[in-house]
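First chain A sits with chain B, and in the next complex the same chain sits with chain C.
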Partner chain A sequence: MTKPIIKVRNLKTRFFTEMGQVNAVDGISFDINQGEVLSVVGESGSGKSVTGLSLMDLIDSPGQITDGEIWFHHPDLAAERGAADDAVDGEFVNLRSLHQKARRSLCGTELGMIFQDPGSAFHPALTVGEQIGEAVESRRRIARGEDYDVKEMLLDLCSLRSSFVSDESYDEAIGLLEQVDIPDPIDRADEYPHEFSGGMLQRAMVAQALASDPAVLIADEPTTGLDVTIQAGIIDLLRELQADTGMSIFLITHNIGVVSSIADRVAIMYGGKFLELGPTDRVFEKPANPYTEGLLNCLPDPTDATNIIEPIHGNVPSLLDHEMPAGCSYADRCPAVTEECTETNPSLQPTPETANHLVACIHAETAESTTTFPVATTTPSVLSDGGASADE
Partner chain B sequence: MEVQVLMSESTNSSRSTDIPSTTIEEIDLDTLVRVDNLCKYYEDDRGLIDWALSRDPEKVRAVDGVSFEIKRGETLGVVGESGCGKSTLARTIMGLHQPTEGTVLFAGKNVAEQVKSDRKRFARRAQIVFQDPSSCLDPRLTLREIVREPLDIHKVGPKPHRNERVEELIERVGLATDQLDRYPSELSGGQRQRIGIARALALDPELLLLDEPTSALDVSVQAQILNLLQEIQEEYNLSYLFISHDLSVIRYLSDRVMVMYLGKIVEIAPSEVIFEEPAHPYTEILLSSTPSKKANIDGKQVRNADIPSPRNPPRGCRFHTRCPVVVPPDNHNVEFEQDEWLAVFDYKLRLRSGRLDTNKLTELVELQDNKTENQTNIKEVVRETCGIPQTLSDSTAEEVLDDSLSALADGDTETALECIAVDFESPCEKQNPPVMHISEGHHSACLRTENE
Partner chain C sequence: MREEVQFFVSRSLQGIVVIWGIITAVFMFRFISPTNPARLIAPDDASEELVRAIEIDLGLNDPILIQYVSYLTGVVQGDLGFSYSTNTPVRGRIIQVLPATLELAFAALIFAVIVSIPLGIISATHRGTKIDSVANLTSLGGVSTPNFWLAIMLVLLISVQLGLLPTSGRPIGLGEGIRMLIFQANIGGLTTWLSHMILPTIALGTYFMALLFRLTRNGVLEELGKEYVLAARGKGLPNPLIMYRYVLRNSLTPVVTVTGLQLGGLIGGSVVVEAVFAWPGIGRLFITSLNLSDWPMMQGVLIIVGVGYVVTNIFVDYINSSLNPQVELA
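Here is the complex of A and B:
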C-alpha cells in the first residue's frame, strides 16, 4: 500500500533562544504511507524528536513551526470544509491551516503519540486505568459532539459525580490494557504508575495512545532505557498492533537494530535534515549517503566477531543558525568531502536504481530529476504561501 | 622513584615493586582479580516495628555467591538486565562496598582488608569509569583540575610534572590541550567521557572497571570511545571489567563474557563461545532479543516480562519463572507435552504469586458474556487464561489438575496449590542448578546442561 496518510512538505521548526535561532527541523519533506512503519534515525540533536512533536503540534515556546505544510488524509473533514478551502487538497487537510481547536481535536485522536520515558508521561497521583480511561472518555465525548470547556469543568466540580471517566470508559481501558498484553489488567488498572515496571508502563502508554484508535502512531524512542528482553517485547507488540489495526507508525529512534526489525522505510536525519530516505533493506544494504555508511560502520555487530568499527570523527553539529554551515551539514565530518560540499546544500534526489530511495548528497549518483521531492508536484500552487497564513 | 613512575612510558616494571615480595610466590601471576563466592546484600534499616517484633529487616540479595577471575590484560564483559547486580559487583570489587560474604583478591591480596588499611594505595591500582560522565565530573572544576585531582591527592611526583602528565593524558584520550581550561558543561557527552577515562588513567592503574561507559552516548561517539578503550588497553596493558547491557558492544570489546541474572552468574565463557554456542536459555534469550542491522529480533522470548525482585528471588533456579524451556517434572507420575507443561506451569506460578484469588476469578468470569459464576465456568476461564487445553493428554495429570481447579473454584487457593505441589514440581524449582563445566573456560548453571 503506497497511499500516503500524512504528507509533510518543507517543514521548518525553529527555536528562538538566548543563544540564537536553532534550526531544529530545517525544511524536510516526506510521506507517511497508510499501514507502514516509517522510522527516523539520527543521533541526539539531529532534530528527530522535534519532527515528531511538530507533527503532533506540541511545539512550545520558544519553539515555533515557521514554515511548511502537514497534509493529513481525512476525507470527511476535507469534504466538510469543501474543496474551495485553502486548507483542503483533495482528501487531504493541511493541519497547519486549521484553527487550533480543530487541529487539537485531530492530534491526540487521529494522531497518537508515545514518549520515551513513560515514568514521566503518566500522572503519579492517578491510577493507570483512570488515565487511560480519560483518553477513552475524551474520544467518546468528541464522537458525541460534546465539548469540555471551562464551563463543563466548573459544572463537573460542583456536581456530585466523582470522576470524569465513566464506568464504560474505564472498562474499555481495561480491555486496552489486555490488548497490550498486560497480565491481570483488572488489577493493574487500579494501580499507580510507580507500581509498574518500565516495560509495563511503556505498554500502558501504548494502550493510552490506542484509546483513540489513531490512524498514525508517533513513537518517540519507545524502547530506549529498557532492557533488551523488554525491548523485544515492546517491538513485538508494536508489530502485532500494526498488523491488527492497520495504523501507520512513525518511529523515532537512534537504535539501528530496532529499525531493521520493524521499519518498512527509514529516514536518516542529520542536522535537521533528511540525508537519506528509502526502504529499510535497501538503505542498510546499499547506503547512498556517506553519513548512513559511517553510521552503519559505527555499529558493533553481535553476530560477527571479526567486524571492526570505524567511528565517525568529530561531533554532532550545532543547530544554531549562525553556526550552521552554508553547504552540507555533514561536510566537516564526511570522509568524501570536496570543496563543492561546503558551498551547495544538497536536496533529496531519487537514486537511479530505486525510485523511492532518495538521497541528499551531491556526490551520490542520482536519477535525472529536477523536482526536489517527487510527490511535491501534487501540491497545488495556492499552498506555496499557505505557511504564512497558518503562522497566526 | 615517584617521578620515575610518573614519567616512564613502560610502567609495568615499576608496578611490580608495589606488590610485597611475600605474596608474589603465592599467586598465579596471570590472575589479577580473583573473586570467591562473593555476596553483597543490602539491608533496610531496622525500623521500630521490626525491632518490636524482633525480626530481621529484608535483605536485597544484589550479588549472591559469584566466583570468577580476571586475567592480566584481558577484558571480562559482564552482561545482564537491570537489577542483576552488575554495578554492585563492580563497586564491591573496587572496595567501595564491604562484601557480605566471600572475598575479592586483587593481585593475591584481599581487597576489603587493603581498603581498610590503606584505601589510597589500593585506589592507585584500580579505577572506575562511570556511566554518566556529566554527573561524575565536578561542574566547578576545570578539566585540568579534574584530571590533576588524583595526582594531587596521591602526591604523584613534583607539582610541575603533574601538569605535564595532565597534558599527556588529555592528548592520549584524544582531546586538545587548549581545552584544559574549560569546564565540563562546555563539552559534549563523548568529550566528557574522555575526561572520565583520562582521570581514571591518571594514577596508572592496572584494572579499569567500566560501568556502562558508552550507554549514554550516540553510536558514532560510542564507536570512538570503544576504539579508544581498545587502544589504551594495549598500550598500558590494562585489565578491564566491562559492564554493559548491550551485547554487541560486549562482543566487540570482551575476551570473555559473564552473564548475570538476579545476582548469580548463569553462564561464563570466552566471547566466541557465548555468542556462537550459548548453553543457558537466558543467554539465548538475551542474544535473540538483541537487534542488529542484520538480524531481526526473533526466536525465543521470555514468558514473563517482569523481572522478579532480588528481595525475594525465586527458589531453585532463579530464572525458572521466565524460562521458556523449564524442565518438566521428573517424578514419572505424569507425562507432559512441552506446550501443555508450560501452560500448567504458568497456572502454578499464577497460583503461587496470588494472581488467582477469589476476587480475581469473579472478575475473570464477569468479563465473559452471559456467564454466571459457577464451578464449570471458573474452571473453563482459568484454563483459557493460562492456555491449558480442555483435557491434558496424560490422564493422571488431568486428574490432578482437575482436583486443583475444583479447589480453586471453591475458593480454596491453598488446597489448589497443594494438589499440584508434588506432581507438578519442576526440578528447576527444587534445586539450585550446579555450575557445570561444558568446555574449556565455559561454565553454565542450568539443569538442562547437566541432563544433556
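Here is the complex of A and C:
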C-alpha cells in the first residue's frame, strides 16, 4: 500500500557565500510515500526550507545541490528514457540527472509548492486569478509539449490578445479558487493580492499549487504568520485536498501542533540533518532523540497552568562548514551530552521496537542493525512505511 | 475610466499652478538683469530721448504689477511677446526651432531606452560575469563623461578622422524628409536627416543611457531575489515570461520615472550639445538670446521647457500607476 513517490538519498545542498561554505542540507535521506503527509520539523535555520526548495530544484546561486539523488516515481518518463539509462531505476527517475528543461517541466506538473508568505509569493501587480491561471496554462502547455520561448512571447505581445493565459485556464483558476473555499471566486479572481486577507491569500496560494495537479505538494510553513483559527482552516483544507486528490504532502513547519494534527510521519531536522524520523504518534509519544524531547518540552499546555515550559538553551548551530562541530550537531545544547558525542557523528538507525522509527543519537537504543544507514540507490525498506514494522 | 478623467483634471489643475509659478519666476528674472533693453534695441549713437521713447514703447516704465499682468494675460492667450533683437513674435520663433529639439530629445530618449534596458537585463542575469563587468564599466564611463566632451570627441573621430558622418548642422527636418519620401519617392531626405541625427543623438543620450542601464540592472537584480519570482519558477512558467511579467514590470517603475524627468531635461539640457553640433534647436536659441539679453525670447523658452516638464510628469505618474495597482491615481 505504501509505495514511495520520492526517494531522497544523501542529499547535500551547499551555499557558497563570502563567509564560507554553508552546509544547509547535509546528506539527508528519506522517502515520501504516495498519499502520505510527511512533515519536517525544526527550528529556523535547520535547513527545512532548503530541503523543500532542493526538491523543487529552486536553489539559486550561490547555492547548489552538490551531491545525492532524488528519485521520483514517474513510470512514463522512466519508460521513455529506457531502463538502460543511468537516471532510471525501475519506475523511478533521478531528477538530479535530468536536463534542466525536463527538470523544470516537472515543477508545475508533478511538483507543486506553497510558500511561507503568500504576501510576497504573489506578484503585487498581477491579479490573483491571472497568476493562478498562469500556473494552469503552463501545466497545459507542458502537457501539450509546447515550447514557450522569447519568440513565442514576442508573438504573443504583438498579437491582439497579448495574453499568456487562455480563457479556459482562467476559468479553471476560478474553479480552483472555489475548490479552496474562497467566496465569490469570480470577483476575487479579478482582485490583486493586496486586496486579500492573509488567510484568503494562503488559500489562493494553495489553489495556485493545486493548479499544477501535483503528485507531491511541498508546503513550506503554510500556516506561519496566520491566526490560529485560520491556521486550522488551512490545515483542514490541506487534509481535505489530500484525501480528494491522493497527493503526497511534504509539510515544512516548526509548529508541532500542526504536525500532530495532519502528518502521518514526522522528521526532526537539526543542523542540516535528520535527527529522528518516524510515525508521528510514535515520535511524539516516545521520542528517541533528546532534541525531539526538548522540542516537545517547549510546547505549552493550555489546560495545565503548572506545566513548565523548558526552553532549549543556546542557539541553532552555524551551518558554516568550518564552524561545524565534528560530532553531533546538537551536542553543545544537549542535556545528555557525553564526550563521545562531540567526536562521533551519529547516523539514523532504527529503534528496537519500531523499525520505521529511526533516530540519530549514539545514546539512543537502536535495533541490532549491523549496517549503518544505507545510502545506496536501492530502497532501504526501513525508510518507508512499507518496511515490516516490529509493532505490527 | 472616471478615475482617469479625475486624475487628469486634478493633475492638470495642479500643473496650471506650477506653470503660473514658472511664468512668475521667469518674469521676475528680467528685473535682476542690469541691462536696459531699450539701449540694446536703440542704435549705438541714439539720443537719450530715443531710448526713453523706446522704453515707453516697450512699457518698461509702467509699474511692475501692470507689466506683470499684461505679460501674464499675454501668455495665457498664447502671446509670448516680441523679441527685442528681431522684433518678431517669440512664439513663432519657438515653434520654428522646437521640432529640431524635440526630434533630438526623442531620438536620444529612444536610443537610451533601447540600449539600456536589454543591456541592464543581460547584465543582471549574468551577474559577476565578464558581460556584466564590461557593461558596468561602459555605464560608469557614460555617467562620468561630460556630453560636450563626448560630442567633440565623436566629431573628431567619426566625422573628421573617418569622415563617416557630417560634423554638424540640420539641413532637413524629419517632417520634410518624410514629405520628400511620400511625394517625390526620394529617400535622400530621410538619409540626410538620419546621418545628421546620429552623432548628436549619441552625444545627448549616452549619459541618460548609462543612467537607465544602472537603474534597470539594479531593479532587475532586486526583483530576481523576490519570492514571487521563485514562486513563478515553481509553478513552471517559462523563463522569458517570468522575466517580462514578473521581473521587468516592477523594476521598470524607477526607469519610467527617471525617463519622464529626463525627457524634460533632454529638452532643456541639450543646450551644450546643440551648441557643439550647430543644431538649430531651442537650446541654441536660448544661448543666442542670452548673449543679446533678449528677455522675451528667453522667457518664452523657459516657459515652454517648464510646460514640457509638467506635462511629461503627469504622464509618468499615470504610467506608473498602471504598472503598479498599489499606486493609486490621485
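Basically, the second predicted complex is superposed on the first by the 369 of 392 C-alpha atoms of A that agree within 3 Å, B and C clash if a C-alpha of one lies under 4 Å from a C-alpha of the other, contacts with A are read in each partner's own complex, and residues count from 1 in each chain.
One rule holds for everything that comes next: contacts are C-beta pairs under 8 Å (C-beta built on N, C-alpha and C of every residue); 3 or more make two chains touch, one makes a residue touch a chain.
In this text the structure is predicted, and so the values were computed from the model without any measurement.
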Clash or fit, chain B versus chain C on superposed chain A: fit
Which superposed partner A:Arg104 touches (first chain B, second chain C, both, neither): second
Touching partner for A:Asp301 - first (chain B), second (chain C), both, neither: first
Which superposed partner A:Glu43 touches (first chain B, second chain C, both, neither): first
First (chain B), second (chain C), both or neither touched by A:Glu134: second
Contacts of A:Ala232 with chain B and chain C, given as first, second, both or neither: first
Touched partner set for A:His254, first chain B, second chain C, both or neither: first
Contacts of A:Met113 with chain B and chain C, given as first, second, both or neither: second
Chain C versus chain B - closest C-alpha approach in the superposed model, Å: 12
Residues of chain C that touch chain A when the two form their complex: 226-228, 230-238, 240-241, 244-246, 249-250, 323-326
Footprint of chain B on chain A - complex, ascending: 43-44, 183-184, 186-187, 197, 199-200, 227-233, 235-236, 254-258, 260-261, 284, 294-303, 305, 307, 309-313, 315-316
Residues on chain B engaged by chain A in the complex (per definition of touch): 81-82, 188-191, 218-224, 226-227, 245-249, 251-252, 271-272, 275, 285-297, 301-302, 304-307, 355, 360, 363-364, 367
Residue ranges of chain A touching chain C (in the complex, touch as defined): 53, 56, 58, 60, 104-105, 107-109, 112-113, 115, 117, 120-126, 134-135, 138-139, 142, 148-150, 152-153, 157, 164, 192, 194, 208-209, 211-212
